Structure formats: structure tokens, C-alpha cells
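Everything on this sheet refers to the single structure shown next.
Naming follows writing order (A, B, C and D), and every chain is counted from residue 1.
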Amino acid sequence: MASKKKLLLIDVDCGTDDAQAIMMAIAAPNIHILGITCVEGNTSLNNVCKNVLRVLKLCNRLDIPVFRGAGKPILGEAIHASDFHGSDGLGDVPDPNAPGLDLIQKEYAVDALKRIVSKHPEQISLIATGPLTNLALAVRTDSTFPQKLKALFIMGGNMESRGNTTACGEFNFLADPEAAYVVLNEFTCKTYIATWEHTCYYKLPWEWYDQWVSRGTKKADFIKKIYAHSLQYSRNNEKEIKALVGGPGFVSCDSYAMAAAIDESTVTNVIECGVTVEMCGKFTRGMMVLDLIDSLKKQNKALIMNGCDMEKFKALMEASVK
Amino acid sequence: MASKKKLLLIDVDCGTDDAQAIMMAIAAPNIHILGITCVEGNTSLNNVCKNVLRVLKLCNRLDIPVFRGAGKPILGEAIHASDFHGSDGLGDVPDPNAPGLDLIQKEYAVDALKRIVSKHPEQISLIATGPLTNLALAVRTDSTFPQKLKALFIMGGNMESRGNTTACGEFNFLADPEAAYVVLNEFTCKTYIATWEHTCYYKLPWEWYDQWVSRGTKKADFIKKIYAHSLQYSRNNEKEIKALVGGPGFVSCDSYAMAAAIDESTVTNVIECGVTVEMCGKFTRGMMVLDLIDSLKKQNKALIMNGCDMEKFKALMEASVK
Amino acid sequence: MASKKKLLLIDVDCGTDDAQAIMMAIAAPNIHILGITCVEGNTSLNNVCKNVLRVLKLCNRLDIPVFRGAGKPILGEAIHASDFHGSDGLGDVPDPNAPGLDLIQKEYAVDALKRIVSKHPEQISLIATGPLTNLALAVRTDSTFPQKLKALFIMGGNMESRGNTTACGEFNFLADPEAAYVVLNEFTCKTYIATWEHTCYYKLPWEWYDQWVSRGTKKADFIKKIYAHSLQYSRNNEKEIKALVGGPGFVSCDSYAMAAAIDESTVTNVIECGVTVEMCGKFTRGMMVLDLIDSLKKQNKALIMNGCDMEKFKALMEASVK
Amino acid sequence: MASKKKLLLIDVDCGTDDAQAIMMAIAAPNIHILGITCVEGNTSLNNVCKNVLRVLKLCNRLDIPVFRGAGKPILGEAIHASDFHGSDGLGDVPDPNAPGLDLIQKEYAVDALKRIVSKHPEQISLIATGPLTNLALAVRTDSTFPQKLKALFIMGGNMESRGNTTACGEFNFLADPEAAYVVLNEFTCKTYIATWEHTCYYKLPWEWYDQWVSRGTKKADFIKKIYAHSLQYSRNNEKEIKALVGGPGFVSCDSYAMAAAIDESTVTNVIECGVTVEMCGKFTRGMMVLDLIDSLKKQNKALIMNGCDMEKFKALMEASVK
């Protein structure tokens, strides 16, 4: 039965919007999640693992295997986003009944990714909503990994040099520029990218948000609680306000990549071009580069999301909290 | 009488659009041009000097002093744009009656800039439509130069990482990133920037272009002739077509900076923020960086043009060929 | 019995001097080689694997397991050294009886390194004579890998900015600067480094070389044959001659790292300091940086070889061809 | 009469060793100093000007014209060396009778350099003992400047990647890497470079120093006073001790460049090769690169001092305090 569903692997650095994205996938009827791999990013690797388990418990889906992955970016210097996501990555809401880390699989995330993908060649969509460290390590330890994927959906990078962490640096790519560089070079499978600007351009109105989290379901209550910290922070922090492209509203970045994986028709327009990542700039380290003039002569082109069917997107968001 | 007019200094690497911009300034009734300084860029320094003289002769304004400036960017490695502007910078149209270089002033452009600005403190608008080498040398040899300007109008850089020469590199900034960096840091005067994307967003329809150059005046004929090469090139070269942000049409980049200097109200919107230039990136060298999140804590903010009154702009363009 | 011997793991990009180093280890009576891992570098990964097997067959030691490792550096752009080592990495000498690649273990080199080291914690000396890709991947997929080593012996990098491939770039580090950076940061075990300059300062006279390869043994004949190409090349190529620090002679780079692993007393002097690798320089990418003024405040210091007991070293070299 | 003497121009960022170098030139019988140009570096530009005047007054040579030059490096971000040289650049010894800055020439240093050199084409040796900003600006505003020099003597840079300010950064080059890059590229005249390591290798014993400053002359007393601060600092500061290549002793860096200008035979050996400067490295910005393998194909080769006639050098040092 599962084989008629879309097969997903989800790689997360589980902060608030990763949690939302996982809930969206779980709520989608046509989706079978084969596993969730964790990577340090928004918060520490241990927190990421714990947060994923909390989400799965909330959704009664602790059957989905969770794997511990890279605890450091390729070069080893981590940045975190605890100001935004809270020190635990999920808004610092106490959860006395959180599942223990003993539920995490023994297998290393990179090995799990390779094993599962080999079992279902060209059938799995991989959604990556954190730094791309696990994916880079997967291809560096098995060069055939990308060709075994059906498609890759990334939340990360930027398309107009707008940064949310540094002037030109979006968090996920900045957190591991070398991994992003490797993935954009080596993953020759169909690759969608939800950039920071894209998620900002298709943000949701606060009125929508308020009704979304106020429907009284267990899931809506959870979302409301874990988002409280980041919403207060982002509404009052000058840098956050300035970083938000196109004015105020609710931006759940990772949800756009997940929505595209669940239903490709949520993406109404793309820019198709070679992309790379700047690793050496003084001001631009971590910035995604769109090679619109084909100066790099790259064979594989990425599909940079440039249009979102908001009705479909909202429907997926709403389903996730029912 | 001249003192009631706006005082301009124009720094050019005279290709086709620089020629257009000079003609626009000459045609404007409220403008007094104190001098034109030349810098290597679109074409060799000798060609730049010669091209400026040709434009001035066409307009019967050889009284305007022309000065020879920097023949190399700060670091010394020049790039040219002869594919686009022709090998002589003005479309390779033979001009047997071109004035001789003996008409160029003996004074060095950088010295002339400093001398003239000292004579009219805070009264002169400087328009820079080429690499910013002369301006950088002016401030490095006289730190008080910028504060003596009334305003600076630059054509150069990019605001959304779109390049016309490399993936992220606009020609003028890429031709001397270090000079652009110095000018954006040190010129604390009011500074308008017409970026590559801005000039593309406010391009003119080809129908408009056709009638513009077909009115049979001497000046219109000149424009038609010198533009023929670059138009043919840009309509047939794949990279040029791809680099053009927002679809086809006629883009006369330098004219937007000049129009703003002549009539500030042509600029209907600006982004005001700190800006800098990447010098060390592998893919982003020469890219202008908008520090919208104020991570660099720059005191002086630039005014990045983000809106153009097209009726006023077209009127200035039309006046220039009458 | 093996447990009383020194346990070695050898990671090679088997060109001529790697071959020599393996032969040195095999000839040493107190050494037990647990495995040889292969990495792309001097020649293609397939050639490296094949070359290691050829050396083992020559020495009747095909019992030593050989593992296939990384086929690309971390970022993916390989450089080779076929001018020097020959297109097959061993001087392009036909070997009709070379063992087949079916003798290579199924296990991936990085996994083998981690497994073997876990079995003998703090007892194994790892000698790395190629690009450090396998080692970087080992620590990135298991952060406890370095602390399980007894010691690490690297041939690579430079101590006085002398390069043999670019002006400041030594081949092994230049072939994967990111891997070298990761290894020098993360391998907190005792780490010896035989730099390019060190191996040059302690080169051997050509007279010594001539008698060394002319003793008529099967091993000496092999060495003589595989080195013929590189010696002819290095004696006639202007760049090679210029790159050789300190004048002419025979430099078998990798042998110094192996000699130190076999007998630490071959190292008569060291510089102990923090080291790192430049990744972003225009001229210095891949250069090893000695932080002699402790500006990086690194906890772990490397032992940069700065003195060699030539009598002991020659004895080890001679034993290897008996 | 002066025309039979060697003609010198001296460009300084007058700290203690610049002061020593000026005194050495003044004491040399065969030398005619045409002017001293000042550049910000060891201390602020105003301090540099004042310090030069103090040295000239001490030597009764206030007839030598002193010019104010660049107050900032090319890119604008200055570093100072006040820890070493004292906050006034000369050891913070009160000097109530210091000459006033009104004695500084009105002419800008860069203009003076160009004017004076044009008057004595190919006859002047230029000694540069600070950041190379003035020289870079001279060639960028007059490309014929270098060819009018007889020779250039630089104190700056490093030849074995040893830094005294950062791990790989020597102060003068690090203070303006872009200027150093320009000068090493564009100054095609005979160019000697006294690197940091060279001055360390030929340092003087402290016993020699003690007798040198204790001869009771006015000049020796001055040297003793202004050096007191830096000697105490460098003997007690861990970084200074570690930065000193080759063990303890007295290093008066700038004196080696001056000695070579006064008497070329003080230089007993040179490395002749293309040189450049790293501008973009994370760890190596400002490092001088020796292109010993000719990978950059530079036409003009520098003469990197690699040997010093210590008897002649000491004689020049001793003459300077008589």
C-alpha cells in the first residue's frame, strides 16, 4: 500500500518551521515517510533529535525512524539560531513528557539515507530543511547517492542576495556553505529550492495565522506554543524586521519545500539555472549564486521556486494542524 | 548666470550610454557642466577621451574641459567591454572629423576634480558612469573631497545579485571593485546609485527607441549610428539576452544616473541602506552588497534608486537628441 | 604476536613515493599493517587501488586488506600529478601480472578506518601520504575517530610557504585544502607532519640513490623502474627544479612520514605549534599556516618535523629494497 | 656637488626603526636626501610627521623637506603598532622642544614624490620603510613614476610566511596589502626587499646594542630613549617573543633597507624571483608570496635580500649615532 504513496525522506535541523513541515507531511494522505534524519543547525543535534521525537509523538507517529546525523558542518564551525527558535529550538516550551533519545535509531543518518535510497531507487523525494551537511557527506561517501533520488527539495539559500543572518547569508546555507556547494554541484537529480526571498514573498497574513493556530486542536495548540517565542522575537527584533523581505507577515520557511514535495503543483513558477554557493567572500560567504548568464556552464540546473499556489499551500498548512 | 544653474562634473568611461548621458546633460537647460573626466573602462583611456570630444563636438560644446584620468583600476587588471560597445567604445563608426587628443586638458583628471570641487564647495553634483577609479584616487589623495560635493550619482553595482559581466558582477563595479569599495565607504555625501537591475526594470520599449532615433536630427542620427553595434550584439548574444533582467527592451544604463542628477524627481523611490562591495569572492567579486539588516553598522547610507518617473525620464532622453 | 608490534593503518594516493613508504613499512620487523586505504590524488582512485595491490604482490603481502576510499576531494575538484608520477601513478611501467581490482575489499575505506580503529583504540598509528579526504570524512561521520588513534603521521603541507604545485601549494594539501583544514583542526591525537620543505632539506644524494636501486633485488628493480619516469621528469622540468627547496637530490616525500611512524627517533627535532590551512587565498589556497605567534589560540599543536636522523632514515630506506 | 652623491627619497611611517634609518642616511657621507615623505602606519600620520621633524632637528637637518602623505591605506582600514612603538611612535618620551607641524611642506607627499623624481630621472633611490600607500598612489596617478626611479628599497613582507602581526602577516604589508600588491606589480625598477625574516636572521646581539646606545652622544641618547619602550615590550610580550624568527636579539628592521640603499654591498645574497601579495586569504592576507616556480610568469623579478655583510651593517649603524 505504501508503495502507491509518495516516498519521502526528511532531513531536518528541527526548529519551529521544520516541526511544521514534518506535521504537514504526516497530515498529507498520499505520503509515506521512510525516515527523518537530523542535522545540527537551528539548535544542537541533541535538541534536533528530541524535537523530531516530540513532533512524532504529538502526531502518534513514533513508528517513523529517526536518525542522528552530522553534529558539525563540513569545516566544523557551527552557527546556531537560538535567538529565533529558542534555546531548545522549539520556543523553550517545557515538555515533561518528551520522548527520550533512546528512541533514536542506532544507525548513523548518512548511512540510513544511503541504505534507504538504495532500497527504493529513483522513488524517494528527499526534503532538506536544515544545513546540507548530511547530504554532502552522503554523496562524498557514495557518489551514486544523488542519482538514486527521485527529487530533492531544499529550503535554503537566497535568490536576490537578501540574507536573514548576515547581509547576504541565509541561515541554512551560511551554516554550512561547503555542504551547500557540494550538494548544488553533485545532486544531479531534479532539485527544487525554496529560497529565503521566495518564502518571504509568499508569506501569510497575521490574521490567517491567528485563526490557524486558534482552532483548539492538539496540533494547533502545539504550533501556537512553539511559535510564540519566535513570533515575539521576530516582531520586536530590528534585524529580524529588516531581514524580512517584502514587509510583515508569517513566514514558515521549511513548509514551502515540504509543500512542493507533497504536491509539486504548489510551485507555479520556477527559475531554472545553474546555481552555486560563494564560500570565500568577506561579505557574501554562504550566498547562493544564480548563474543566469550561464558563465559556469553547469550541466545540472536547479529549479528555483518563483511562484506559489497560495490556496493549495494554505490547505496543506491547515491540514497539518487538524 | 551659471551659478544659478546646477553645477555638474561628469566622470565617464565613454561608451554609448555615457555618450547619451553627456548629451542629456548638455541638452538640459538648467545645467552647467564644469568638466568631464575620463577613466578607462568600456574602452581604452585614449578612446574614452576621444569619444568624449566627439560628443562635445557634435553638440558644439568643445568649450567644456575634458581631463584624462586613470588608465588602470586600483589593482591594475583591466577588463573591457568592447564586445558590447565596439572596439572604439562607440560602435566602431568611422569619424574622419573626430577632434584630436590635443584638446584634452593638461591637468590630470584627479587633480581637476579636486581643484574644481574646492572652488565650488557643496555646490557640485558628480555623476560617475564608469569604474570608480578616479573618485577613489581623489579621496585617497584628498580625504576632504567627498564632503565638498553636493551629491554623487553613480551608475554601477547591482541590488539583487544580477550581473551583466559575471554571474554577480556588474561591469562598472567589477572593473574596479576596490575603487567601488572605497567610494561607497568614504563618500559621505548624498549618494544615489542606479544599479544594473534598476536600469533594466525601467528599460524603454523598442518602439519608443525606434521613433527616438528616427527624428532626423544630427544628434539622433549620431545616437542611431553609435548604438547600432551594441543593439545588434545585445539582441543576438545569448549571454546579453540572459543578463537582461526582466525581458527585452532598450537599456541606456548611464542615462538613469544622469537623469537623477539633472532632475532628482525622476527618482520616485529609493532603498536607503549601507552598501559595500565584495572584493574576495570566488563567484561574487565586484558584487554590490546591500546591508539591509545593518550588520555592518555603516553611518552613511546610500540611496539606491528603486523607482523612475518614466515620463520625465523619456522627456530628458528626447531632449537630448533634438 | 601482532599485538606486540606497532599497529599501522596507511592511507595513500599511491604514486611512487607512497609505494616506497608501503615497502618500508612492510620491511620493518616491528610493524603490523592492519590495512591500506586508498584516496584519489597522485592518480585516479582506480590506479591508486591497483598500485597498492602491485606493491603488496611484489612483497608477497596480498594478505593486507586494501580499501577503496574517496574518489574526489571534499569540494569535488580534483587535481592530479600525472606529469610527475606518470599517468598510472607508478611511472607507466607495463605490469602484465598486476593483480585485479577484485582483490579490493568490499568495505568502504572510511568505514574500514573507523571499524579498525575502534577495535584497537589508542593503539594504531595512522600514516597519511595523500590528500586527507578519507580522514576528514572519517571524523565528520564519527567525531570520536581521532581520539581513538595513537598517533597520526602526515606527509603534506609546507612550513615556509614553498609550494611544489602552485607558488605556495604543496600537492597533498592543495588537492584537498578543506580536508587538510578539518584534519588539522579535529585530529587532537599526537600529529606529526612531514612538510614539503622538510623532505627537501633531508633529501638524499643521487650517488646514494644510484647504489640504492642497483642492488639487483626484485624490490630494488621495481623501485628503479617505477621511479625512472619521475626522475627524468623532475630533472628536466624547470618548474620541478625550481620547486625543489635547497638544491638537487632524491626526495621521497612520503617515506619521511612512514619512517617517523616506524621509528619516532628518526625525527630529531620538531616545531610544535598550532597549524591551519588557507582555503580562500588567491595565491595561497592550500598553504599550511604555522601559527607561531599563537594568534589562533589552538589547543592542539602539531609536531612539524624539523630534523631527521639520516643514518636511521637511510637504513629504513635500504631495508625496504632488500 | 650634491649630484655626485647618491640621491635618496625616503618614505616612512616613522616609528623607532624608521628614525634609526633616517639617522643612518643622514650620517652617510655619500648621501643626499631630497625629501622625506610620511605615511600612516606605525603611528598616526600626524605623529609620523612630527617624529620625522624631531629626528631631523636632532641631526640639525631641518633643511630636508618633509611631506605629508596618505593618512589611510588604499582600502581605508588602518592598523597601528602603538603597542610596540608607543602611542606617539617614538616610545612616548616627552619632547617639549619638538618642532611644530608648520614645518611640514604644503605640497602633498605623492605629488612631491612625482615632482622630485621627474627632476632627477633614473637617479634617485627610493627607500620605503612603511606601508606602501604613497608609492601605490604615485604610480596610479602617474604610471611613469616607477621607471624614473633608479632603485627601490623596501622593508616589508616576508619570505617564509613568518608574520609579526598575524600568523603570516608582516606589519608594513599587512597594513596595506593592496598597496604592496600594486607596488610589487608595477615598480619595474630594480627592487630590493628586506623581509621580516631577513631582518631577524641578521639581528644584532644585545651586548652590541648596549654598547651602541651607551656612547654618550646626543644621538645615542636619543636612540636609547626612544627604543626603551619597544625593547621592554618586545622582551616581555609573548607574541613578540614568538614572532621573532631565530631567537632573541636586537632587530632594527628598516635599517636593513636603508643600509642597502646607502651601500648595496651590504647585501651579500639575494633571491631573485617574481613576488606578489595575498589580499584575500582568511589567514594569509598581507603575506608576500615568492613565486619561485614562476607560476605567475611575472616579467619583473624582485631582489629579496638573503644575506647581509654584518660588519658593514654595524659600521653604518654605529655611524648613525656618532
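For this structure, a couple of remarks:
Assume contacts are C-beta pairs under 8 Å (C-beta built on N, C-alpha and C of every residue); 3 or more make two chains touch, one makes a residue touch a chain.
Keep in mind that what you see is a predicted model, and the values were worked out from it rather than measured.
If you take chain A and chain D together, the chains in touch with both are B, C.
Because chain B and chain D carry the same sequence, their contact can be compared by residue number, and over half of the numbers here are used by both.
We define each chain's centre as the mean of its Cα atoms; on that basis chain C and chain D are separated by 43 Å.
With centres set at the average Cα position, the gap from chain B to chain C is 55 Å. One inter-chain figure worth recording: chain B and chain D are separated by 40 Å, centre to centre, where each centre is the mean of the chain's CA atoms.
Contacts with at least two other chains are made by residues 279-280 of chain B. Of all residues in chain C, those touching chain A in their complex are 70-72, 74-76, 108, 110, 133, 137, 140-143, 178, 181-182, 185-186, 279-280.
Residues of chain A that touch chain B in their complex: 159-164, 166-168, 238-239, 242-243, 276, 278-284, 287, 289-296.
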